[in-house]
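One chain, subunit A, links the two complexes that follow: it is found with subunit B in the first and with subunit C in the second.
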Partner chain A sequence: MSAERTVVGRRLPRVDAMLQTTGQLLYADDLNPPGTLVGRQLRSPHAHALIHRIDTARAAALPGVKAVITGSDLPITFGILPVSQDEHALALNKVRHIGEPVAAVAATDAETAQRALALIDVHYELLPEIVTLEQALADDQPLIHGDGTGQNIDRTAALEFGDVDEGFAAADHTREDVYLFGGNTHAALETHAALATYGADGKLTLWSSTQVPHYVHRTLAKVLELPAARIRVIATPSGGGFGGKTDPFSHELVAAKLAMLTGSPVKINLSREEVFYAHRGRHPVLMWVKTGFENDGRITAMHFKSFLDGGGFGSYGAASLYYTGAMQTSTYRIPNYRFEGLRVFTNKPACGPKRGHGTPQPRFAIESQLDQAAADLGLDPVTIRLRNLIEPFSMTVNHLRITSCGLRECIDEVVKASDFTSKHGRLPAGKGIGLALGSYLSGAGLPIYFNKMPQSEVQLKVDRGGGVTVYSMAADIGQGSTTMLATVVAECLGLEPGDLTMVTADTDLTPVDLGSYSSRVTFMAGNAAVEAATKLRTRIVQAVADKLETVPEDLVAAAGRISIAGDPNSGVSWAEAVVLATAASGPLVESGSYTAPKLAGPYKGSGVGISPAYSFSACVVEVDCDAETGIVKVDDVWLAHDIGTAINPLLSEGQVEGGVYMGLGEALFEEHSFRGALHRGPSLLDYKMPTTLEMPRVHTFLIESEDPEGPFGAKEVGQGPLLPVIPAVANAIRDALGVRIDETPITPDKIVAALRAAGRREPARVGPTTVPKFKFPDLIRVAPPEGFTTS
Partner chain B sequence: MTLRLPAFELLTPQTLEAAVAMLADPAATIIGGGTDLLPKMKRRQVTPPTVVSLRGITEMSGIHTDDEGRCVIGASTVLEQIAISTVVPPVLAAAARQVASPQIRNTATIGGNLCLDTRCNYIDMPELWRQASGHCLKDGGEVCWIAPKGNRCWAISSSDLVPVAIALDCSVRLASRDGDRVIPIEDLYQNDGIAHQTMSGDEILVELLVPRCDVRATYRKLRRRDSIDFPLVGVAAAARFDQTKTCTSARIIIGAVASAPLRATDAERLIVGRKLTEDVIEEAAQLAARPVRTQDNTDMGSRYRKWMTSVYVSRALRDLVVEDA
Partner chain C sequence: MEISVTVNGVMHTGNVEPRTLLVQYIREHVGLTGTNIGCDTSSCGACSIHLNGEAVKSCTMLAVQADGQNITTIEGMADADGTLHPMQQAFMENHGLQCGYCTPGMVMAATSLLGENPNPTEREVRIGLEGNLCRCTGYHNIVQSVLAAAGGAK
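Entry: the complex of A and B
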């Protein structure tokens, strides 16, 4: 077969582009079966309180109200991680943050539902609010989870690879710095929505704007105590996820329960305010970093401490915690590395995964510190990074297996295109330029719950007219996973992506894909699709070879034909080939799957950070700062991303631009901040996302390192490009104004405060200076991988 | 649509006479473009049983020049029309262009902007949030959470057009069943977050009267994003200069730092009789900022907004400097 690609690498529009742009695609809130009831949740106005009694009688008696439920109707706990089953669909006995759902109603219309909520009497007993890291670490406060008082610690981690003390002893120069990454949230355009029906056949169906239909399916079965086989979950077309729709949510369980109780369809659509309370966004992380350097800039050791404010529930927090320590080694060779991490519970909405999950925070810290170390050592920002750069096909000290790596090419590209070297330190006052790197997983190496089954499965079915249907549970959350699947299958079969019928994200119809998180879909579902399509092509080509009395090796599948290589008009059409193959070997149904290789290192916590392949990014940002107001205007962003292979460059560039946009928002504008336990502004007026006017020119470079294990060599692009943007902005502001803002978002007031401090001959810096004195558990000492040299 | 309006009766008078008659009902509220009122109703900050729409009163919309050479802007004129107008003083058009977003400017009226309710991030919040925070003074509660020891509300006057209209010495025509009155627009406001306007509830702001514009004028707005956001501070300045470039009259109005636009009279007095040198501008800016008492009740903290007040007064005054030919 010919290796020449005809579809992969082309700039094609999404397969669902016309449906999307003409409004024909139906989102969860567009679904209105006859008789649909409106579901609404009553939410707690208290951050921390015991619930003594809930009186629903007046609400239930209101005409038009069909059902009222409380925590005792759904008493079984759940949570996305098996180790954090700490949530109830509706608070049972206790509330842990403002906005936590306490009761719910189903009514014939929204006004009635709203009136009914006001008639529910909840008797609370207030408890002290725990909102800061310091309060969480006090040992005399009530436990947010559990009885009595004590420290509100969710989880800790303490790992050492190599010998960090020895590494520091060998250093010519060490730095200790403290950084704070402020919390922020996804703010997807589409608010969460779910519709549930419960048929007379005893079958429950849930349509939901979720990224993870498989995990929602499992959670519904657990909490509703229904056999999984009687539950169908359909992930609807998505108005954005970014990690914010990756947990099973209260409103999904509540809609399902209300549908079961009433026998009517029930829909719950969250308001924007409710989405801010559902949250699961970026953890605020306080970080302390000590790094040792040789005079030439080479790192000898790093000690990294992170303190995560997790909010009221576990969510993905156990993974988030480890992610704040896992990926420092993926861009730079750190020969000795120690990580200590702590996640606390507070009375605020639960944090979870957002684009880059747990890695943008440490990336901000280490890329900021590298620039500071470079200045100390008289090096430029490019040199210090190149001196420490990770090598392709190497192991890191914490047992990450690096395969393809185009990071050096990424740096070359952005440095050259931006003219970084001649600009850095030399731009006129107020203008500055900054560089940073990043790296991300192409899918988490392990599933969320332990099992030995494939992480992704794809099925193909061919009808007798030649139509090919692709079945996959991968949920297209806007990243274009459906187009990716259509493209790789079309490439294998010699068809066009638009020729295929795509059936996705439906637990009844499609084989399992674990979901759209950890940038796993292109790599894992893509590989599963390639395997299924290759099997199908083999059967079809064999049937044509038999007919033409030749051998399969002489045939190619391209341009809708199976033809003799070099003679595109020869052979038979795809449709004729399908008839031949069906006659020869029966139903044309094939499947493929993907299971990641065993990658985990020999230590507890090694499941986080491993991936079959890593993407790499380099970013240069140029800013224009107003030194009087502290307003930062970003003029240009150059971003080079090692994507392995761009299956669709148009969509890939869209992901890069989206990552740049989100990164700039986190760097300069967005903050999920609180006044005590109260969110400072749960609205899109107060939560400042950049508008189109704040968006700079983005110069995107896709670097193709062709990963040996990726589908057609592809790796991820959905999350990685965000990572270097934030520290590149911070470094550019340092270059422009001489101030370091070591905490995000870098808002104008902080810049002006730092400039005024400099005017008083105080440090030109805004940021935290200390971390809590906390005794981490004893270090788990892990030997580096075989052959890894620590000096 | 999860946030829904409460039920209300909508009245649609076709004449000003009919409208003022309807407003005699103390339960009635005026709606112009609704960009201020409807979100407040959805959040249940206000739940007026009767809403009187001025949209059907054709005489209240449009811009014309009267016999005295004044520019008369009907209260129902949408902001976008002012933003693109070549009849209104350029500074007013420029300020209108900086209000909110294009969509809002196509709906919001100048009457609504001049009557914009004061804003605060303890009140312009959803219902559950206000319940959780404990309803503030303006929200029917006992305490202003910004300054719990005081007995007043510190919500902010956030209009972009009011400072400009005061700087230009505009007037407004108010109508009620008792007849019309014309007052200087400066007298329409008072520094109290709740009772921030002096007009009575049964009066309608009919039109803005802009005197013939023979001043140099500017408006400088600080906000974090170049669209949507309300001002963190807005400075309007207008001045006349003689042939030696000496200032002969001046108005400096600071918006978004108090419950009413603040007139920087000390700074005005300083610059009159002087040339606008850098030293004079700097001194005037410091003087202007001195009495400003910003609070932590909008985006960015109070300290930053106080700092920015002097920066923005300087910038506004620099805009007025007559360049050498």
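Entry: the complex of A and C
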């Protein structure tokens, strides 16, 4: 059977938009079971200190206080990665950053809880604060993790693919540049919140604004020492995530423990300030890049070094580190490639994954350097990129499998629409235009913990009245995953998305999806949903075919009917078909799953960067700069994104616009800024983000390359569009003012400083010039994939 | 202190502590959770409501200041029969939202804006909504939603 698509590709509102626009959607902090206690955490005022003693007696004696706990009540370590089990729910013996939770209370009301916190006496012994890369690399400082002194190194990486020295020897021109990408944070509008209940039946339930209910479930079981079967985690609709709710967090474990101790529901809603301490935002990364080019612009080799300031804990850091080196090769063909990376611990809130996870930083570096190399070689920014463009259905030197790739079309679209070629280098003083490209994963190829189980499962159940319920653990964080699932299932069954009942993100009710991270949900949960819906449709169509005495191939499921192809009024209604199929073959329950193909290359670290498909983006930004004040106004952004297939163009464009917004914020305003170990402004008053007035016109183009393995050909759109925006801004500023700002955010003071440097005949740039001397481990040399030519 | 506040047409009388913020009163005393809190600094506008028909950030007022006044929250915008307010309808149709957390405040601020200026330009919409933050949409479809609602009201 075949049919034209009737749902996929339509510009439909979100399935939950009615609840959202009426205020009926319940976020975690909106849940208030009777008798709910207020949970609060006491946070460390010190960046680095030993805890000698915590006296909770005065707090516990305060009327209205129901429980007080400290680190010794939850002594088991946790962390999102198997290699980063370095956190305690409440600091045990030591604090590693200002704002780290050290104790917690449950009380009848917020005022009592707050007063109780003030009555907890913590006896600290202060240790030297380690806040910079240089301090972290000194070998005489106390270890943030471990005993004694030494370098505070979390992790290193050293890989070589092909022969980089040979590649440089073959180059006509080489450049070495240094860049700094400043740290910033997600600042989802909803602060993190969690509500826990513990029933007389010994069952723990946690509602949390998390992107990863499955990983929270596992973490609760580990730290609370409860069987997973006695724990239920429900990811409430998230008021924004962007990667900031992708770790298991202290407050989730603490709320659960307090509920177990008191027998009452306990809710912890982080304040905005506390969210800045929970953090897990963009790593500050210092980068050194050496690239060799032929005279025609073709890259012969690249050597990339990255230095990540990880903050106080591992979190996703091991993955973040490898991501700063893994995807240089997925946009441009780099025939010989060396990556050396280092992540250090410092006494600041832990960094982690933010939209683009570890790849916006190197993207900023290599797209900035490409423009510089183009100028050196007398090429224009478009030509040098086209000379190096990755080819569809090719392998990269570091063993990434590229499938569908509409990058060339993306470039064509934005270059044409923006009139880039006639504007670049020719706009009036102060105005400039810049180009950059990017590529991103459609889901990490491997799960976070090693296992051979599917990465996503979906179940469908049909009621005898015809109602279809879709069960998936995919967590909607605003990206529209629930609408995506409803759309693909509706398409398969010939229904409308709004006809379906969606049950999502509940570990008791829904089969596992690993979570809303790495842009994996459309590709993985989407494919699982298509498989389940296809099985269901097959059974239903067979039952109708038997009734009509025809063959399934002659029937289509569309517009709420199972009808003979070409005769939409024939056949039976969906509800009648359901009755026929249930009578013929029993309960209408089906499941589907998705497991990524084996993609990892033959080396340690190859698990990062692999994906069943990659999205591609091209971005042009036009700016208007004031040379007196250094203020940059962005006039227009053109962004073309290869999405494979737009399952819902309205929602997809929204993701592009949101990615452009977040990229502009990172490029020009947003900075997780510290004075020593103290955050300079942990509030939305001080953390500057674009408003309606800073946001320019965004011209969005969706390029449909129809991925052979994606659901209906679809790939990701949540993260990729952010990537090229930041370097495109930097390149546009260079075009406007002749200065390079090789450090984000590109604030007015830096522009003025660069212009003044130019006036003094010094290099017209602001940015770092050196990286620390650091002996990376011996390179792991990896042969390129079979058939890959390195010359 | 005892206060009487009319919320979405219903009079609520009760005792509040003088320091209770209006947003806390709405969420915790009246029990309407559609009004969200996104910051502690009056920066984000997620808590915008109507006080006597005009948008205010309900975290910038004390509950006692609302004594004797008329408040409308997002829950009071649709008709009794469930028909959405044109602004809610416009946000839904134009996908002027993603996670939805800023949406109630945006809808309240935007309706207040159209009350003052029924036919705003795009620039005027942007100026009018500058005090409401959104981290998801890049504001593009929010502005489109408001313009669509204004067009529909003509």
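The definition used in the following text is that the second predicted complex is superposed on the first by the 790 of 791 C-alpha atoms of A that agree within 3 Å, B and C clash if a C-alpha of one lies under 4 Å from a C-alpha of the other, contacts with A are read in each partner's own complex, and residues count from 1 in each chain.
Definition applied: contacts are C-beta pairs under 8 Å (C-beta built on N, C-alpha and C of every residue); 3 or more make two chains touch, one makes a residue touch a chain.
Remember, it's a predicted structure, so these values are computed and weren't measured experimentally.
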Considering only the touch criterion stated at the top, classify A:V698 as touching first (subunit B), second (subunit C), both, or neither.
second
Thinking of the overlay built on chain A, is A:V579 touched by subunit B (first), by subunit C (second), by both, or by neither?
neither
Who does A:G480 touch here: subunit B (first), subunit C (second), both, or neither?
second
Touched partner set for A:H679, first subunit B, second subunit C, both or neither
first
Between subunit B and subunit C, point out the one touching more subunit A residues.
C
Which partner chains sit in contact with A:V752 here, subunit B, subunit C, both or neither? Use first/second/both/neither.
first
Going by the contact definition given at the top, which residues of subunit A touch subunit B in one complex and subunit C in the other?
191, 271, 273, 683, 685, 691, 693
In the complex, go through subunit A and note every residue touching subunit C.
13-14, 16-27, 29-30, 32, 186-191, 237-242, 271-273, 477-480, 650-651, 654-655, 657-662, 683-685, 689, 691-693, 695, 698
Subunit A-touching residues of subunit B, taken from the complex the two chains share:
2-4, 7, 121, 124-126, 128-129, 131-133, 222, 224-229, 299-301, 303-304, 307-308, 311
Show which residues of subunit A lie in contact with subunit B when the two form their complex.
43, 45-47, 98-99, 110-111, 114, 191, 269-271, 273-274, 628-631, 669, 678-683, 685-686, 688, 690-691, 693-694, 747-749, 752-753, 756
In the complex formed with subunit A, which residues of subunit C make contact?
31-41, 43-44, 46, 73-75, 77-78, 84, 88-89, 91-93, 95, 97-104, 107, 125-127, 129-143
